[in-house]
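Just below sit the structures, each encoded as structure tokens.
Heads up, the next two complexes both have chain A, just with different partners, chain B and then chain C.
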Partner chain A sequence: MMRFRLEKRPEPSKLMLYGTPVAAVVLTMILGCLLFSAIGYNGLRAVQEIFFTPLTNPYKWQDLGIKAAPLIIIGTGLSVAYRANVWNIGAEGQYIIGALAATGVALFTWGMSGWWILPLMAIAGMVGGMAYASIPAFLKTRLNVNEILTSLMLTYASVQVIYYLIRGPWKDPMGIGFPQSRLFSEAARLPNIIPGTIVHLGVPIAVIVALIAWFVMSKTVFGYRMRVVGAAPHAARYGGFSENKTIWLAMLVSGGLAGLAGMLEVAGPFQRMVPGFPTNYGFTAIIVAFLGRLNPLGVIVAGVVLAITFVGGQVAQTTIGLPDEATGIFQAMMLFLLLAGDILVRYRIRRISPEASAGAA
Partner chain B sequence: MPNRLELTGITKQFPGVLANDHVSFAVKPGEIHALLGENGAGKSTLVKMIYGIMQPDAGEIRWNGEPVVVANPKAARKLGIGMVFQHFSLFEALTVLENIALGMDAKIPSRELESRIRAVMETYGLALDPHRTVATLSVGERQRIEIVRALLLDPQLLIMDEPTSVLTPQEVEQLFTVLRTLAAEGCSILYISHKLHEIKALCDTATILRGGKLVDTCDPKQETSRSMAEKMIGTGLKDIVKAEGGAFGPPKLVVNRLSTIKTGHFDVAVDDVSFTVRAGEILGVAGVAGNGQNALLDALSGELIGDDREAITIDGFGIGMMNTTQRRKQGLCAVPEERNGHAAVGDFSLSDNSVLTARDRLGMVVLGLINSGAAKTYTGKVIADFAVKALGPASTAGSLSGGNLQKYIMGREILQKPSVLVVSQPTWGVDAGAAAAIHQALVDLAAAGSAIVVISQDLDELRALCDTLAVINMGRLSATRPVKDFSVEEIGLLMGGVHGSMETA
Partner chain C sequence: MDLTIAILVTVVGASTPILIAALGELVVERSGVLNLGVEGMMLLGAIAGFVVQFHTGNHYLALICGAGAGMAASLIFGFLTLSLSANQTATGLALTIFGTGFSALAGASYSARPVSLMSPIFPELAAHPVLRVLFGYSFPAYFAIFMVFAIWFFLKKTRAGLILRAVGENDLSAHSIGYSVVKVRYFAVMFGGAMAGIAGACFPLTLTPQWAEGMTAGRGWIAVALVVFASWRPFRLLGGAYLFGLVMTMELYAKAGGGPLSAIPSELWAALPYIATIVVLVLISLRRDASTNAPACLGKPFMPSN
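Up next, the complex of A and B:
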């Protein structure tokens, strides 16, 4: 009988560190193909439509850009927090509250014009996201309440805030009873950067945010703090980095960026607040952060990969009638396989030959 | 009469290291046989193979003349091999009796077991109440549980792995009495240690390992401690060069009625500790592990922040409420006992580890940006000055051996030229050559006018290194006196908690 055992590597493997995300994506395709074949779909077509059509069809590229932008911005914030072992799972809620804060500015300035409206909305979005993220930060640092639970549960509360506002105080007066806000004025809508497409200003902003985050994480004391707290909390304390301050910083950065993504999304593609605004970008960004190895540059790539599955999922719905949930299944499978494969970064599989151990015994 | 245990050509290969290379030696019945060597010399691997925890790749083990295969520890116990590990496997919340019952291979009714335990304790003079909870016992008493557990099986060979590293001198003496009684009855003892004077006092034969190879088998009574140490490390030993009769400067570090709050259930807090260290002075803090040393270090380094600014002062300036970063800026550096994960980050490069504690004192940060060039240069200097075996500043701390990592950490703090340095176990697990280098660096730092506090369990180290000494027991510190005024017996009594004579003295 062949036996295997896991053996700790002397140093974490660089090959595996960057190889596992790729392997996870490839394995997801293979397993997804088998799974959808088994339940009666054309598995090969499903994988092709989800993973390749968005890339081969230039008409879909603009969709990729605008789907990837919020994923990259939120994923960047989460990668910073997760580096410090601060598990903000509620980016979706911070994204929603950020979007609502920006909506508030847009409605308050409705009918006005001026260059300052969009920056003001962006600041409101970030402050909204930060404020919402500071609830779990406060509960964690003061009462030691697990931030995973509080940040997650606050997401569901934030959805109710949307429903309340757009049915009540922010309801569109011209909306013939539809629960939605009024359409933002021109000055509160993100400009398109490529004429004739739907690609808005948020796309380059996402890339810039990730690049700045990469610089901050690798070159500054702030980034060092996040990395050392995550790698060895005891050593961080010895090095003079207080744990509570780190939790606050991590929650504020990830919440603020989620709020910024919410502002860009509501001022870009939506241009008004609607009940369907929450589209789980905040949750998908968790996968983006991990698939990108918690490295902002990796997050850019991972954001595009996840955007492909979103766009491809829609393609597959119309072409081969795959259910809407297929996208979620593929995304979850990817995260699952990635986390499972991660053990190979620190450990390697060794075969124990039975003859050798019998001979020695 | 055949040898009790005979090893021939035992070889064990691990990925990257040859842990044992054709090791052969024999233990006679009733002999106390020392297995001597530096950390990493292959002692532990060798006894693990004798006790069946590992299997040799090549070579033969003979037991009372017969070749045997020791498949696992249960088989070893069946043969009559008992082992007392350095780290005890005891459940703190259970009683002595329950702990022993859990470790037995056969199910024995608890009343019968108790009477057998009492008989063993009677025979060997091991005083212990079987119904006490382990959490209430001292380390020496806990070790007695492990010894009783092994003796219940009537072993013909007892393996003791570094048994005295946590004992007071009096407890060591009691242990030796037990071991001599056992040997007189014909039980062989394989005694693993690197404490040479103990081996001279106790053992009949010593087998010395270095780098996995057998270097020599000798009679320790015919050797000097120095000659055995030189066989162990393979080169001549350097003595600490200390300027004689140097007067100390003014008080530098003054600790006044420092107390900490107990953080965990089994933690020991610092209780009303006061002492003074002058410029140029090395103060040793002796004590058995777990008597508040960690809390003392954390309270001094700033990892535990107190509520009295004046409880700790440097040159009269109160730092008691500062965090570690502020204290470093005031000139106080510290090295905790645990290297990996506390004093250094295993996953980080050495360069990044230098940023951890040296960033402010050596200007590695400008406007929030890390000057990685400065960190690299400084790390290179630490590696060169302290002879750290590493590929370079980019090697991860986790890839270094324990001793090399310790050299790096000590170098990182010493080269910052702190005016006060507090270190815990500076040479723990470090080979003798490196330990001598670290000691010399500490002496030189003191000679340059720094005040140094060395917290250690190694009395030999403290007596060789320190000018003054105090003993910590249950979080309380004895009065400080010149190290020459202490006898070993007195230190031992203080370690065991006899304070009365000191306080009146």
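Up next, the complex of A and C:
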């Protein structure tokens, strides 16, 4: 019988670091095909529609762009935070509060026109997201309260803030009783950048945000500091890097970017606040950050991959009747397989020859 | 009086699933493992319990299958974090995302189909206007209280409990005396999964007799927070869970009582359990012995040098 054992690598393998995410996606397709075949769907078609149709059908490319944009922006922020070992998992809440802050500006300036309205909304969105993220940051740095639980609880609370505002003070006077805000004025809607499509300004902004983050994280002292605090907190303390300051920065960057994504989403595809605004981009972006190896360039690729599964999930829903929820299963499987593959970054598999293992036993 | 009794009965009902899930997580964390997938395992337990009850009509079989679903899901977590030493935080999150998606898929064709709730185990006493506070519940409420005692006894008085705590406090020492750290943690994680599954099954079987996507609504996360609140002690968990049950049912009380409280918007009531969780975590952190009770190896992967 052949036997294997794990052997620690002297240093993490670069090949495995970037190879395992690709392997995770490929394995997800294989396992997903088997899983969906087992529960009575056409597994092969499901994988084809979810992973390939969005790429081969040019009409779907614009959908990919607008789905990937918020994932890339939020995922970039989260990758900065997770690098520093700050577990902000409430990006969905910061995204919602950012969108609400932007909605507030849009409603306040309703009927006005001017180039300054959109930038003001963007600032409001970022400030809203930062403010919401500063609650877990404050509690973590001052009282050492676990940021995972606080940021997540705030997400559940933020959904109720939407409901309250659009059923009450922000309710559309012309909405015939529908709980939603009024449609934003022209000046508060994101312009389309490619005429005849739905591709809005948020798409290039997402790429620019990720590129800036990549530059800052890999080429500046700030980025170095965030990485050191995350990788070796003790060494960082000797080096004079304050842990609390890093937690604050990580929370503000990830919260601010989530808020910006919220603003772009409400001013772009939605153009008003509705009860169905929370679409779990903030949670999916967690997968994007990990699949992108907490590297903003990787996040761009991972954001597109996850956007493919969203768009493909909708395709599969109409063509083969696969329920919408299948998308979430594919996404979770991807993360499982990626985490399982992590061991190959730090360890290598060695075959043990029968004589050696007999000797050892 | 009648209203007070009615409220107490509702509080116990609402607290029970949180208490069961939190008890499971407490054992998991005492062994040094942080499983953040409680919410996902609860949803899987909820859909499994619902489907079994819908097709067989047997509540107890439904609870058992709920436990099985939670345990199966916990094995994925166990394999990744214990056998492959993957990051526990990220794996727990992945489990929750998976459980949310899988339960929604499995339950897609069952929405708006009613099942029957479990009936009280003492039907005569449950009809009594006062005694129903003590005897008006179905099986899970008593199971939860029994498990508080059982887990306390297990951790404090048995050899196996001592080993489990040793593994959570100092995995390397436990390993060097010859205990299998990974095996102990697998058992703990599976127990936590089964408890989360039962807790999830309680939602369609004892609270709202139907399946709804994401019906546990973050209660799994509140259970995780409760374990911190209880400083990893079973009896404090009992008090904490009932306190949360009170917070969650306060809206009914306020609405029924009239007065100024009934003017509070319902959205604030809906947000209250989550805000209360944060407040509770803050209060706990102010206590001097706050972090000293946490198992020393909590959340750290076990990596023996050889």
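As a working rule, the second predicted complex is superposed on the first by the 356 of 361 C-alpha atoms of A that agree within 3 Å, B and C clash if a C-alpha of one lies under 4 Å from a C-alpha of the other, contacts with A are read in each partner's own complex, and residues count from 1 in each chain.
Just so we're on the same page, contacts are C-beta pairs under 8 Å (C-beta built on N, C-alpha and C of every residue); 3 or more make two chains touch, one makes a residue touch a chain.
All values reported here derive from a predicted model rather than from experimental measurement.
Visitor: Please determine, from the superposition on chain A, whether chain B and chain C clash or fit.
Guide: fit
Visitor: Between chain B and chain C, whom does A:10 touch in the aligned arrangement: first, second, both, or neither?
Guide: A:10 contacts chain B only, not chain C.
Visitor: Once the shared chain is lined up, is A:290 touching chain B (first), chain C (second), both, or neither of them?
Guide: In the superposition, A:290 touches chain C alone.
Visitor: A:234 in the overlay: touching chain B, chain C, both, or neither? Say first, second, both or neither.
Guide: After superposing on A, A:234 lies in contact with chain B but is clear of chain C.
Visitor: Can A:243 be said to touch chain B (first), chain C (second), both, or neither?
Guide: neither
Visitor: Answer with first, second, both or neither: which of chain B and chain C does A:222 touch in the superposed model?
Guide: So A:222 only meets chain B here.
Visitor: Of chain B and chain C, which one contacts the greater number of residues in chain A?
Guide: C
Visitor: Quick check: superposed on A, how many Å separate the nearest Cα atoms of chain B and chain C?
Guide: Result, nearest C-alpha distance in the overlay: 7 Å.
Visitor: Which chain A residues contact chain B in one complex and chain C in the other?
Guide: Looking at chain A, the two contact sets are disjoint.
Visitor: Write out the stretch or stretches of chain C touching chain A in their complex.
Guide: Contacts found on chain C: 36, 76, 79-80, 84-87, 89-91, 93-95, 97-98, 100-102, 104-105, 108, 213, 217-218, 221, 224-225, 228, 265, 267-268, 270-271, 274-275, 277-278, 281-282, 285-286, 290-291.
Visitor: Under the touch definition given earlier, write down the residues of chain B that touch chain A in their complex.
Guide: 15-16, 55-57, 69, 71, 301-303, 323-325, 328, 334, 336, 338, 341-348, 352, 355-357, 359, 365, 368-370, 372, 396, 398-399
Visitor: Would you tell me which residues of chain A are touching chain B in their complex?
Guide: Residues 7, 10-12, 219-222, 224, 227-228, 231-232, 234-235, 237-240, 242, 357, 360-361.
Visitor: Please give the residue numbers of chain A that touch chain C in the complex, ascending.
Guide: On the chain A side, the touching residues are 87, 89, 135, 139, 143-146, 148-150, 152-154, 156-157, 160-161, 163-164, 167-168, 283, 286-287, 290, 323, 325-329, 331-333, 335-336, 339-340, 342-343.
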